[in-house]
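Read from first to last, the chains carry the letters A, B, C and D; within each, the first residue is number 1.
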Amino acid sequence: EEMRIALVVKALGIGFFEAANKGAQEAAEELGDVEIIYTGPTDTTAEGQIEVINSLIAQRVDAIAISANDTDALVPTLKKAMDRGITVISWDSGVAPEGRQMQLNPSSSPLIGNMIIKLAADHLPDGGDVAVLSATTTSTNQNVWIEEMNKVAGDYPNVNVVATVYGDDLADKSYREAQGLMQTYPDLKAIIAPTSVGIVAAAQAVTDAGKIGEVNVTGLGLPSEMAGHVESGASESFAIWNPIDLGYSATMIAYHLAKGDATAEPGATIPIGRMGEVTLDENSEAAMADPFVYDASNVEEFSSIF
Amino acid sequence: MSLLKSREAILALAMLLLLAVIASRFPGFVAPRNLAGVFTDTSPLILLALGQMVVILTKCIDLSVAANLALCGMIAALMDGMGVPLPLILLAVLALGAALGAANGALVWLLGIPSIVVTLGTMTIYRGTIFLLTGGAWINAHQMSASFKAFPRAVFLGLPVMAWIAIAVVAVMAVVMTRTPLGRAFYAVGGNPHAAVYTGISVGRTQFAAFVIAGALAGLTGYLWVARYAVAYVDIAGGFELDVVAACVIGGIAIAGGAGTVAGCVMGALFLGIIKNALPVVGISPFWQMAISGSAILIAIAFNARKRDPGRIILKQAEHRT
Amino acid sequence: MSDTTPDRTTRHIPDRLQSPLSRALKSWEMLLLIVAVGIFILNALASPYFLDPWNLSDATFNFTEKAMIAFAMALLIISGEIDLSVGAIIALCSTAIGLAMTAGAQAPVLVLVGLGTGLACGAFNGVLVARFGLPSIVVTIGTMSLFRGISYIVLGDSAFTGYPAGFAWFGQGYVWWVITVELVIFALAALIFWLVLHRSNFGRMVYAIGNNATAARFSGIRVERVKFILFLLTGLMSGIAAICLTSRLGSTRPSIAAGFELEVVTIVVLGGVSILGGSGSIPGVVIAALVMGLVTFGLGLMNVPGIVMSIIMGLLLIGVIALPRLWTMLRRR
Amino acid sequence: MLAETDAPVLSLRGIVKTFPGVRALDGVRLDLYPGQVTALIGENGAGKSTIVKTLTGIYQPDEGQIIVDGVETRFPTAQAAGDAGVTAIHQETVLFDEMTVAENIFIGHAPRGRFGLIDRAEMTRRARDILTSIGADLNPSVKLLDLGIASKHLVAIARALSIDARVVIMDEPTAALSHKEIAELYELVEKLKRQGKAILFISHKFDEIFRIADRWTVFRDGQFVGEGVMAGTREAELVRLMVGRNVDQIYPKRPARIGKPALTVAGYCHPTEFDGISFTLHEGEILGFYGLVGAGRSEVMQALFGITQPSKGAVRIGEDVRVIRSTAQAVRAGIVYVPEDRGRQGAVKGLPIFQNVTLPSLKDTSRNGFLRLAEEFALTRTYTQRLDLRAASLDQDVALLSGGNQQKVVIAKWLATRPRVIILDEPTKGIDIGSKAAVHDFMSELAAEGLAVIMVSSEIPEILGMSDRVIVMREGRIAAEFEGDEMTPENLVRAAVGIEGEAA
């Protein structure tokens, strides 16, 4: 009988998750006896994900791999899933430890936190003001990354983080917030947007304000969405991990845990196919790989992939 | 004297006051260039609010405008992807928006279903259709042609085309509402539908016309929105219908129909637009934004509340006091 | 006209022409019930997982919280008003519960805080609408932003988590076998609102006000007071829903229960309550809630995306209301 | 049977119009002649307003022909009727509060200027001309909501005249006008006659009909029952045609024993509506309130019933002094009010008869706040039987009843509360002669049983025929009080219009 693994994403239709689905399909093909159920709500709400998970529990899927809209709100439902014998892991945006067996981070949070500020600093030899444009005020991973970034901010003494604003992962709101930043801080040198929606909107706002070359937009984004802005110069560089690999790895982990040939406990190692293997830390979390930096030299090549 | 008492004058005053308060904390906000930017940003709200105004005047409400906008915006982006030239796209969104509005209007007119029920339904249907069209995929800046994105932001006489479109529509609507039989019919149907029939105005047909206008404006705004923000996806302008209704209410459009002006409506939209643009600039935490705009709406309705029947004033001495 | 006819002999007027049963058989509720049974059968045929008591039990969460509010909303809409702020009231109640929890309160206090906040929000709406005579649709669009806005001010980007274990019972507990606590609250609410609307003086006044508020006032009914109480009730039910939802999610964020108001109104309207006021019934709302739960659960089992479900709900809403009208229109031709 | 002086400018033949369950018009005919006033007479619900709506394109007849100048035509919309030269002052004022006087007059046919846009200056100028021509001193640019009811009616008349019509229809045009305005309206009718226009005049007031009409047509129950020229026709003849029988005793006042004071009002004041209202009402008494339309009688009654709040003053009911702040308190104190505006304030359309009747008595029919339907039906049956209500069943929607029967439901509703004081505000306004007699009959019966009755009416015969005592109000104040022999039409009118000396 085929094993059914549900890949639950924050919301359907987001390029990043569509790419992750590609990876999951790739893993399924490689494993042979796996069916992927790619699903999620249409807006990024916890309630929507709970309804989706309830219907997955009802279908008695073998494993759920979820990128969560809310760290805590999903816990009771996911607990119920585990009670009914379903393997639950979280990836990308995590769930609190009680609600999953393990968490696959795309990269380690400290690495990402350091990366986003470094990207800004690299193009600011003389230093200056930078601001952060985040997603919603409730998204787990952005908050953790910004926290990590602030921890290492001391390593970049020239760079002065002046504000953090929230675009709610809405294109128009992010755009307006970016505009607001440029008005409030006329000397702003860079906008760090650790979200794929925000970074595009910020780049657009910078372009429209005629500030290409003055304000550099960086952060985390998808090559396909950012290619134009790198070309125009609105963004010198940005980073992202490969979402295809992430979906692939999450599927592999879910498969092995559900099969029972691996266990999720601190210190355990789980094979992830062509990506090698991951080792769980004391919180049963694992990091997949380093974020990868894209700039004018390589963005074209990747923009057709994801 | 009577000018001072009009809702529009009070609103204009409130807006000046608001600008003064903002300027005291952040003088740059009232620089002409920035105000022009605020106006441009508010253009979509103005366009939709004008459409909503017409619908509300006829005693209806259109909750589907934002979904209509999103669907038309997505279709515009898809057409651009197929290489359709921009003028054709503009015509297409206008026609499609009008058709979606007409669907609402027809259900209201021919089947007599209350507009709030109709548009509650079509709101989900229109938005869902975007999902069915695209499977939920986004269309991003790099997938759009340069001319598609450039049109609304092309600057002409110091203002982007988007702002000029809003100005043009405001002007046309002002003439339509005050100087054409159709415009008067909107007021008549909302003010007293029963009496409207007696003057040869078809209530249903007029409501239908209102929905078509609201739809066409939403369609046009759909393109502008998508081109301006250079992205199209299922959820764009999610919840925007409430902002639109709020703008109308703040602008003094009576929710029971029959009363309200284009000037009031535009100022209502600008009032909200200024608040939205100013909050991040003035440095008020974004978390306060929602509560502030909610309070603004409540204060506005309290101001606009039509006094309860003042009585008939039979006594002679009372007549002189008022 | 007939009062001018010459013969003045007293005629007997029957109490009723139709028996209540035959009236019920021709009612909207009957039509809905048929739709509901149809969907149930379709679901059972379409998915092998559907007829599982535990699954059905899980599925009830799709509608119980919304339906609780829908009962109070039904009364409000019958009286000619509407409350679009219910989702925001939930957010504010949940935030208040969270604040009480951080202050160390235990489950009983948390429940009281939730109910109290709901009542306070309802009272606020009620005063603005009933006392100051402002139109409810715009008042509650305003308070919708205000209430949720306060949650955002309190919580910002953080969340309340770690509710006491006793509190989990409301949203996650079972009363007996697969019967959840929420389902019991839903059934009790249905029963109470049925009694209030269909069997009490108060319900009669609600109908009278919805049909003609002026004539109701001229009949000695305190219209403002009834409307105020209805807003209070809606606030209270939103408070109860907030307790259930908070307990079920085990956490509070300001975005909780976003978009609830429209789903609640959809249930009420689908249940045959006239949005213009004056008519509607609780059994209709109950069946409409079941229909909505069945549709979303059935489609969920087929992994149909939520937005497609909402298209189907939209079509169902318009279709169920349009078809009878189309039918009479065609027959008159 | 008539001397055909002229050919009719407009004729109706065999018009049939049905509404669900009602055959409102059943093959009626009607002829209108240029330069003549044709009175259309009939009981309530005879179909008069329905024929007006058919003539003005608001209703489409199911059968029959409309013939204008010998050519058969159709009026698919109100616009089409206007284009064909038919214009009407409708029974209800159908105007727009939020629009200006000029806009109200010209909506639908505003003068157009450049680009086909409405020419406001021209519109205002023409509105002023028309208003002047009917002697109405109104500013065309004020909003309608700033006008009183009589001025609104003048605007409606101006609107009808703004269309260059050959046929002018007036459906009870004097119902809301004062004496002076009525006189001006009569002059206007004369002027229109001289201009050769055909006029259809609908009224329940026979003095008026005899004064201005040249011809008459009578409808009964949607059917044509006769027509003729006014000259040489007697009132009794028309009444018999209209009702289908002789109406002999119109005011059946029975002798009643006047008892103790039931209601004493002392110094009731309101900031804008009335001032210094004091009077005493006794058990078994019918106290008439007379005044010109707009004298403020209804306002006083509504204040007594707790709808509006007086600024000063107190009432004593029987022995106890009460402050009435709400209708609920009034009902508890035993004062009830049958309003003038039956459709809006009286019946709750949409609710069945029995629920309407028990609405203020729910406390008596219920147990612990829960309904007992059997009790409700029993109570309803008691009172509706007494009033001889005609209905298919007691759970029929009141909206389906005729106006007279709706009035009976409203009265039954109040009698069921067993009040001490009943206030009837224009109880027979717009009610035909037959139903009127039934209401009067019943009023005397109530008084004879010891109930205290206040009857507000603008019809002198009714006031004189029914009241034991009359209070006349003028401009929000009590102008005079008459009893016994002083109760003469001259005295009432003089007090109402404020002429102290000789008769007007």
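Convention: contacts are C-beta pairs under 8 Å (C-beta built on N, C-alpha and C of every residue); 3 or more make two chains touch, one makes a residue touch a chain.
Quantities reported herein were computed from a predicted structural model and do not represent experimental measurements.
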Label of the chain whose CA centroid is most distant from the centroid of chain B = D
Quick note, more Cb pairs in contact for C-D or B-D? It is C-D
Quick one: report the Å distance separating chain B from chain D, using the average Cα coordinate of each chain.
-> 43
Any idea how many Å lie between the Cα centroids of chain A and chain B?
-> 36
So how far apart, in whole Å, are chain A and chain D when each is placed at the average of its C-alpha atoms?
-> 74
Going by residue number, chain B touches two or more other chains at 131, 136, 234, 287
Residues of chain C that touch at least two other chains are 152, 156-157, 254, 305, 307, 310
Multi-partner residues of chain D (each touching 2 or more other chains) = none
Chain-chain contacts as defined at top = A-B, A-C, B-C, B-D, C-D
Where on chain D does chain B make contact in their complex?
-> 56-58, 77-82, 90, 92, 94-99, 103, 107-108, 110, 116-118, 120, 148-149, 270-275, 294-296, 299, 308, 475-476
Residues of chain A touching chain C in the complex = 12, 37, 39-42, 45-48, 50-52, 54-55, 57-60, 70-73, 75-76, 80, 84, 96, 136-138, 143, 166
Chain D residues within the chain C interface of the complex = 43-45, 221, 243-245, 305, 307, 326-328, 330-331, 337, 339, 344-351, 354-355, 359-360, 362-363, 366, 369-371, 377, 381, 384-385, 388-396, 402, 404-405, 408, 413, 432, 434-435, 438
Spell out the residues on chain B that touch chain C in their complex, using ranges where they run on.
-> 61, 107, 110-114, 116-118, 120-125, 127-129, 131-132, 136, 234, 242, 245-246, 249, 255-256, 285, 287-295, 297-298, 301-302, 305, 308
In their shared complex, chain B is touched by residues of chain A numbered 11-15, 18, 42-43, 137, 165-166, 170-172, 175-177, 179-181, 183-184, 186, 197, 200-201, 203-204, 208, 224-229, 303
